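Take a look at the structures listed below.
Consider the two complexes below, in which chain A is the common component and chain B and chain C are the respective partners.
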Partner chain A sequence: MSADTTSTAIGPVEGGAHYDVDNPAPYIEAPRKRTGKTPRATRGNFEMAAWLFMRLSGVVLVVLVLGHLLIQLFLDGGVSKIGFAFVAGRWASPFWQVWDLLMLWLAMLHGANGLRTVINDYAERANTRLWLKGLLYTATVFTILLGTLVIFTFDPNIR
Partner chain B sequence: MATPVLDKVEAESAASPYITVTMRIRRFNPEVSDASVWEDFQIEIDPKERVLDALHKIKWDVDGTLTFRRSCAHGICGSDAMRINGKNRLACKTLIKDINPEKPITVEAIKGLTVLKDLVVDMEPFFQAYRDVMPFLVTKGNEPTRERLQSAEDRERFDDTTKCILCAACTSSCPVFWNDGQYFGPAAIVNAHRFIFDSRDEAGEQRLEILNDKDGVWRCRTTFNCTDACPRGIEVTKAIQEVKRALITRRF
Partner chain C sequence: MPAGTLYRGREGMWSWVAHRVTGVLIFFFLFVHVLDTALVRVSPEAYDEVVATYKTPIVALLEYGLVAAILFHALNGLRVIAVDFWSKGPRYQKQMLWTVVGIWVVLMAGSLYPVLGHAARELFGS
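Entry: the complex of A and B
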């Protein structure tokens, strides 16, 4: 090493992990290597359908959500008008029932699919991935079912 | 008449093109340590020279253990893609003067692939993805006795993606590839694109099916890192989007 090299030349590491014959470095399996554990190629269109769904539902949601916000927060006195009577009045019409149902399903599936890709991209271990996705799917199914049940079985005369 | 000569020599040395540059290189030697270390080298170099010349200077004159790949040294073979000042580039196409030589120039191995030593990475996963998309001409029927003719327009369709030199600058700049390395990566998709849109090729359907997979084109998040990184100026993200469009329009 010549004189014009500054500092930190690599030398033996003191006290650090030092691999040798008796203490070999951990073997790291190369990605994309064909092993017994490599899953078979999936010849389905699920990923394409999911990708397409994100685009299409996004476009529809822009209309649905902006319309929803406009009606709930700005028109006719804004947020102060919202009460049991207001919701009951709206859900008397099949149009708003369909609007809210569509918004519920599209928003939940859109968000769940987005989180699914985030988990796929960021969760490193297979177990973490499994649990996070399990939690995500449970929450999604619960919310969708509960919301659908409320929209269809809503009773304005409830006491 | 000694004095004028002396003056001339002095004037020449004052106008020397050489400047002192700090090269901060990420060193890794698995036989010494399992951790990588940043090491500074100060070298005299003409700012019009390339980062590869600086690496050569270090390897030949300062520290012979510095390890990196390079073959043609003129931007064709694609061996010396590395992360220079945090951006994937070819060391042989990056001039010192273009990357602010006043500050230390950081050089490290490309990300997402296993580092073997210093700037050398294991390219096997990258080439496995490349092999998986069948980057060769597939045709049926009898072989013609002369070359397979193609119109200029048909050739133009995939002209951009024929420029790929497989340097891995795009794939190793892709955040989806960094995650688990299972994504095919931009380079493999670019090379699939080159044959999918070739009018002479007959296995486009098969290649589309391969890229329709879980780790295929649908994992692309269009972050444009690949387009920014490509030293050949290929519009990589556009090529990936064209493959996506082909997959969708073929079914609907």
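Entry: the complex of A and C
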């Protein structure tokens, strides 16, 4: 670079046009502006709803999960007391059935949405994302349905 | 990767990393946990047999790790909510992280005996 280019702060752009009233600069659309050509998928509020759900379910899960841990792992001998009879005793009460059902649904959806974000962040190929999320949603639906079925059909006199 | 360009975001970034790692670990445990609980629909014996593995000393150590992951994720999650919704949250995010770490250390120390006591009695007698 020669020294005399520093005399003017900004030189004329090489081959650049000089715009004026008769020769206006091309209109540049604002980035990320919603237009008629924007795909449907990016126009909804799903990501905002998911973001809000993580915070709302998170607060509820702090209470549900820490309460669950306290009962299962800390009080009355911790994990040593757990067995079929202990589960039967707790699910005899609708209160603990609702507690566990709510915890199952919120924790599974909270975790599934978290893993969806992780997949979107790290899986770079569209096909990889598709398959990983397909696996995630299948496992999530299966686990939620199985857990719900177990809570609703639990039979203390199964034997 | 060119030298000197690796982003190290200090407390903000590392708490984000820890939140992800603990979240994924907890989610994978949740799958296993729903499946083992589903055995109550098979037979009391099948359920008690699987729960017996949860009472072994090695799995007790894993349970202590699960408590560690859940406590951090819960406390840091409340911090994230404070950063997002409290007007002064972003300004105090570092102080809140060290508060989270402090509470976590105290709770983990308090969990030692309740969670690992039975394993210690099994390993060392009495």
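In this section, the second predicted complex is superposed on the first by the 118 of 159 C-alpha atoms of A that agree within 3 Å, B and C clash if a C-alpha of one lies under 4 Å from a C-alpha of the other, contacts with A are read in each partner's own complex, and residues count from 1 in each chain.
Basically, a residue touches a chain if its C-beta (ideal position, glycine included) is under 8 Å from a C-beta of that chain, and two chains touch if they have at least 3 such contacts.
Note that the structure is predicted; figures quoted are calculated from it, not measured.
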Contacts of A:Asn157 with chain B and chain C, given as first, second, both or neither: neither
Which of chain B and chain C A:Glu124 touches, first, second, both or neither: first
Touching partner for A:Val62 - first (chain B), second (chain C), both, neither: second
Partner chain(s) touched by A:Gly77 [first = chain B, second = chain C, both, neither]: second
First (chain B), second (chain C), both or neither touched by A:Glu47: first
First (chain B), second (chain C), both or neither touched by A:Val87: second
Which superposed partner A:Asn23 touches (first chain B, second chain C, both, neither): neither
Residues of chain A defined as touching chain C within the complex: 55, 58-59, 61-62, 65-66, 69, 73-75, 77-80, 82-85, 87, 104, 107-108, 111-112, 114-115, 118, 139, 143, 146-147, 149-150, 153-155, 158-159
Chain B-touching residues of chain A, taken from the complex the two chains share: 1-2, 4-13, 16-19, 25, 28, 30-33, 41-43, 45, 47-48, 50-52, 117, 120-122, 124
In the complex, chain C residues that touch chain A: 20, 23-24, 26-27, 30-31, 34-35, 37-38, 40-41, 43-45, 47-48, 51, 54-55, 60, 63, 67, 70-71, 74, 77-78, 80-81, 84-85, 111, 114-115, 117-118
Contacting residues of chain B [partner chain A, same complex]: 22, 27, 29-30, 32-35, 37-43, 61-63, 65, 114, 122, 124-125, 128-129, 132, 175-176, 179-182, 209-210, 212-214, 216, 218-219, 244, 247-248, 251
